[in-house]
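Below, chain A partners chain B and then partners chain C, in two separate complexes.
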Partner chain A sequence: MSFLVKTEIFEKYTQLILEGALDSATAPQFSEEVRKIIPQKPQVLVLNVEKLDFMSSAGLRVLIFAKQKLGTTAMLFLVKPQEQLVETLKMTGLIFSVNIVDTYSE
Partner chain B sequence: MKPQFQFQIFKAVPDSLEPMRNFISAFGSVQSIDKNKIYKLCLAVDEIAANIINYGYPLAGINDGTIKVLIEYSDKKLTIVLEDYAIPFNPLKQILPTQEDLDKPIEDKPIGGLGLLIARQSVDDFNYEFTDGNNRNIFVVDID
Partner chain C sequence: MAELDTRIDFYPTNEHQGLKYRRGRVLPFGATLVPNGVNFSIFSSAATSCTLVLFKKNAAVPFAEIPLPDEFRVGNVYAIIVFGLDYENIEYGYKMDGPYDPKNGYRFNKNIILSDPYAKAIGGRDVWRDVANLDRLYPFRSRLVFDDFDWEEDNPLETPMEDLIIYEIHVRGFTAHQSSGVRHRGTFAAIREKIPYLRDLGINGIELMPIYEFDEYEHSRENPETAELLVNYWGYSTLDFFAPKAGYAATGKYGMAVDELKTLIKELHRNGIEVILDVVFNHTAEGDHRGPTISFKGVDNKTYYMLTPDGYYFNFSGTGNTLNCNHPVVRSMVLDCLRYWASEYHIDGFRFDLASILGRAQDGSPLNNPPLLESLAHDPILAKCKLIAEAWDAGGLYQVGEFPAYGRWAEWNGKYRDAVRKFLKGDRNTVGQLSQCMQGSPEMYLQRGTTAGINFITCHDGFTLYDLFAYNSKHNEANGENNQDGNNENYSWNCGCEGETDDAEVNFLRHRQIKNALAILMLSQGVPMILMGDEMGRTQYGNNNTYCHDNELNWLNWELIEKNADIFAFARYIINFRNQHPILRNKEHYRNSDYKNSGYADITYHGTKAWYADWSEINTVFAFMLDGNHAKNGFVKDDTIYVAINMYWDALNFELPQLSKNRKWHVAINTAMPHPETFYHNNNEPVLNNQNNFIVGARSVIVLIGK
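Coming up: the complex of A and B.
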């Protein structure tokens, strides 16, 4: 299964499409992708996680890092997270810091 | 008869995390255990195993460590034991993020301790033993 991440930069938002399993082995790939987009300071970061089957705290730490670097005004959207991921976000209180949506458009 | 007990030894490297989860999922699938319960168990095991791999063995100066994963299903309980010989580390003695920490906005949220919090909250019972030079992290999930 492993992990794939793809970045799409649009005029008003940046989208990362995540697929597979985000754990301690694969989080560095996600982190690297996030570090690439931080200098552009996107104010809307959309993470399409529909095909993300697993996420541990290693992935959550990258999410927190991204939001901390992008600043308080930046919005973080999660597109179609699987039920188990939503449970992890609830458990860690992160659910209140992200916007969960079925689709994202400008 | 379906196997009620299995074990497998994995190298203590990040690339073992996925095979470890697959090993647990395959066992759960054979025993027809609810997928959501298996996911949470995999998550808990993954968090502790990642700590052993990223901190336990490196701090012990061991670069070829292993993690033994034992699974047992009996009396409506699914038990997993992770055995390693890295530095002694009792997850139950660590300070977890408080509710106040978790309620903080993401900008002020402490990054540490989330993994242990997830590990302990994702199973019905979590225990730790240190015996014969081995850490034993024990995860129990109740099966209805």
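Coming up: the complex of A and C.
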């Protein structure tokens, strides 16, 4: 399955757009993008996942990794997650660490 | 990561079929993610060669087979690190060669792909009752798991055993019924949705019936009368001891059962609820010499199984084979397994099915000092885990009161179950035994304290609490075994009519008896356990052995809360009553003396006459008083409590013991009264107008509070 991640840095937040399938094969790519933005200490990280069709255990772990690296004061938003992703987040308990929204702007 | 690539074991030394690998590390056993690769380690006392077989997930044939070089072997352990594997999308197994000499215990077959006995996940049945697929090559396949998890501040709760109230749950049956109203019925995720219910009920421990991976289609057959498929529903037949059942996870099909279960446990702990696993180390799913070779049989048959002198399988479990638990290597496996669940899943305790098997030697004979039970009792990682034994087996051992405890093992108190049932149906010569039971069975456990016994009246084996008072005999025809299966000694009484009835009097009596049973259980010293659904009068229509039914017979119908609203209200009340009164949760037995100089002994016994208990054969009443100054063996103060139980068929006058110091008797519980006057909440208990006598209705229980 294919996967694309694009980073956009704004003044008050950083956005990553994810498309395709996030699993153990593609998770390192996502992880690398997150690693690149951490040094700038973003207080808000927005993940636009409208076109993300699938996230596996490996993908979830990068989310957890991102949340941990951002620190306790930072916020993580998920924009328009597909139903399966929301369900997975609920069933694995991660839903409480993220904010699910329809859109995000400053 | 920058430092990791300076490690020597970051780099391969060999290559085969495009895969790079190197010698692995022997510990830990199983498959472990290491920097850049996966470490595989497996032991076999008699294999002559070992090949690692790799599949892409769900593929029909393997994509690689790597023979492990003999140089990679240390003793009897084969270990290899393979690089560049896609963790989530592969499955692995082993082919082992060795002697085929069944008479001497060797059953090697190099053509069968074997599952890793230490696999942390099994693929092949990701969804409950999915297409069976048993003909495909290597049907149950070892998989890799991510063992990292964000537990946050979670730890096993270490709830004092005397404060535990256990609720026995079948994972699927708890929410499979449509009435459960949950999102993903029959799963771990669904139990999370019911946490508020469990909290409200007042229980603080759940015992999950087997959750290790098992094959629900094992021994499945059609019911000759209904053509319905009867399956291995209860799950007492393990495929793998380290893997949670994928089909019990809503995310099983995504390979996330491990995370889902850990999240459930974290959430239960957050709500003060402990998790106890029902574990089945007495046998495996491989059956006897006629059964399939899935793992243990092909990896190391002679080590894992108790074999007869001519190479057949001892059958102390009644299921075909018996795990060779006191063999030093198998002991290690059991220990590794429990340590894994205690540390990686934060499990609070384990209940061991047919635990007497764990005390048998390799030739089946009972041991005086079984090394496995001793090891488990003293293990440092398991030191705070509850260890509970079903202290009998199917081979003639019955050890209730005598299980080799090493000061740690608790037992399912089968004698409590039988004694209380007999008393409740009004049998003669039962009051003395009832008294012992409600004191925490000192005749068996005085040296150990009250927490040596798990008190229960019902469990998954046998009638539900409702059926105990609705059926005189078992009705297991739906199991397709001509009603020959299941226990015949149920000590039940149908209250005048067999099965469902419109007779209001019969139903009123049945509901009263259920409340009486729950009251006796919650007012006893010792650790109480109730069966899922007993709090709402669940019925199995007289079937006392529903092991094979994946249908409404076993699924909890949540509409019963309303239908049997009085039972549910009472169950909730009496469980919370126990929680509110520490006097019911002593760690040590009653001393039958006034060691706090309060003027009353910690416990005194009464009958229809105060201060005089009638232990004679024809008597069917029992009363006792607990002095509030002696709560928790004298360490805390509680109300004084008086309990009177009348199992006579008519109302009787009970003379009440006098209270000192201006205290008065208040009525908290009277099961003879219809709902909502059956009980009164804390601080709302009405004062008795007559402080000297109380007329206790026929077949009912009263509880008075002295304050």
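Here, the second predicted complex is superposed on the first by the 105 of 106 C-alpha atoms of A that agree within 3 Å, B and C clash if a C-alpha of one lies under 4 Å from a C-alpha of the other, contacts with A are read in each partner's own complex, and residues count from 1 in each chain.
We take it that a contact is a pair of C-beta atoms (placed from the backbone, for glycine too) under 8 Å apart; a residue touches a chain by one contact, two chains touch by 3 or more.
From a predicted model like this one, the values you see are computed outputs, not experimental measurements.
Asks: Have a look at chain B and chain C on chain A after the superposition and call it: clash or fit.
Replies: Clash.
Asks: Is A:Thr72 contacted by the first partner chain B, the second partner chain C, both or neither?
Replies: first
Asks: Applying the touch criterion given at the start, work out whether A:Ser2 contacts chain B, chain C, both or neither, answering first, second, both or neither.
Replies: First partner only.
Asks: Could you say whether A:Glu83 touches chain B, chain C, both of them, or neither, answering first, second, both or neither?
Replies: first
Asks: So, does A:Ser105 touch the first partner chain B, the second partner chain C, both, or neither?
Replies: neither
Asks: With both complexes superposed on chain A, which partner does A:Ser24 reach: first (chain B), second (chain C), both or neither?
Replies: both
Asks: Looking at chain A, does chain B or chain C touch a larger number of its residues?
Replies: Tallying touched residues of chain A, the top partner is B.
Asks: Choose the clashing stretch of chain C with respect to chain B from the list 114-122, 348-356 or 384-392.
Replies: Clashes occur only in 114-122.
Asks: Counting contacts the way the document defines them, which residues of chain A are shared by the two interfaces, the one with chain B and the one with chain C?
Replies: Touching chain B in the first complex and chain C in the second, residues 23-25, 56-58, 60-61, 64, 68, 87-88, 91-93 of chain A appear in both lists.
Asks: Per the contact definition, I'd like the list of chain A residues that touch chain B in the complex.
Replies: 1-2, 21, 23-25, 54, 56-58, 60-61, 64-65, 67-68, 71-72, 76, 83-84, 87-88, 91-94, 96-97
Asks: Under the definition above, what is the set of chain C residues touching chain A in their complex?
Replies: Against chain A, the touching part of chain C is residues 86-89, 146, 148, 150, 183-184, 187, 189, 249-251, 254-256, 258-260, 263, 266-267.
Asks: Provide the residue numbers of chain B that touch chain A in the complex, in ascending order.
Replies: Residues 14-15, 17-18, 21, 36, 39-40, 42-43, 46-47, 50, 53-54, 97, 101-107, 109, 111, 114-115, 117-118, 121-122 of chain B touch chain A in their complex.
Asks: Can you list the chain A residues touching chain C in their complex?
Replies: 23-25, 56-58, 60-61, 64, 68, 87-88, 90-93
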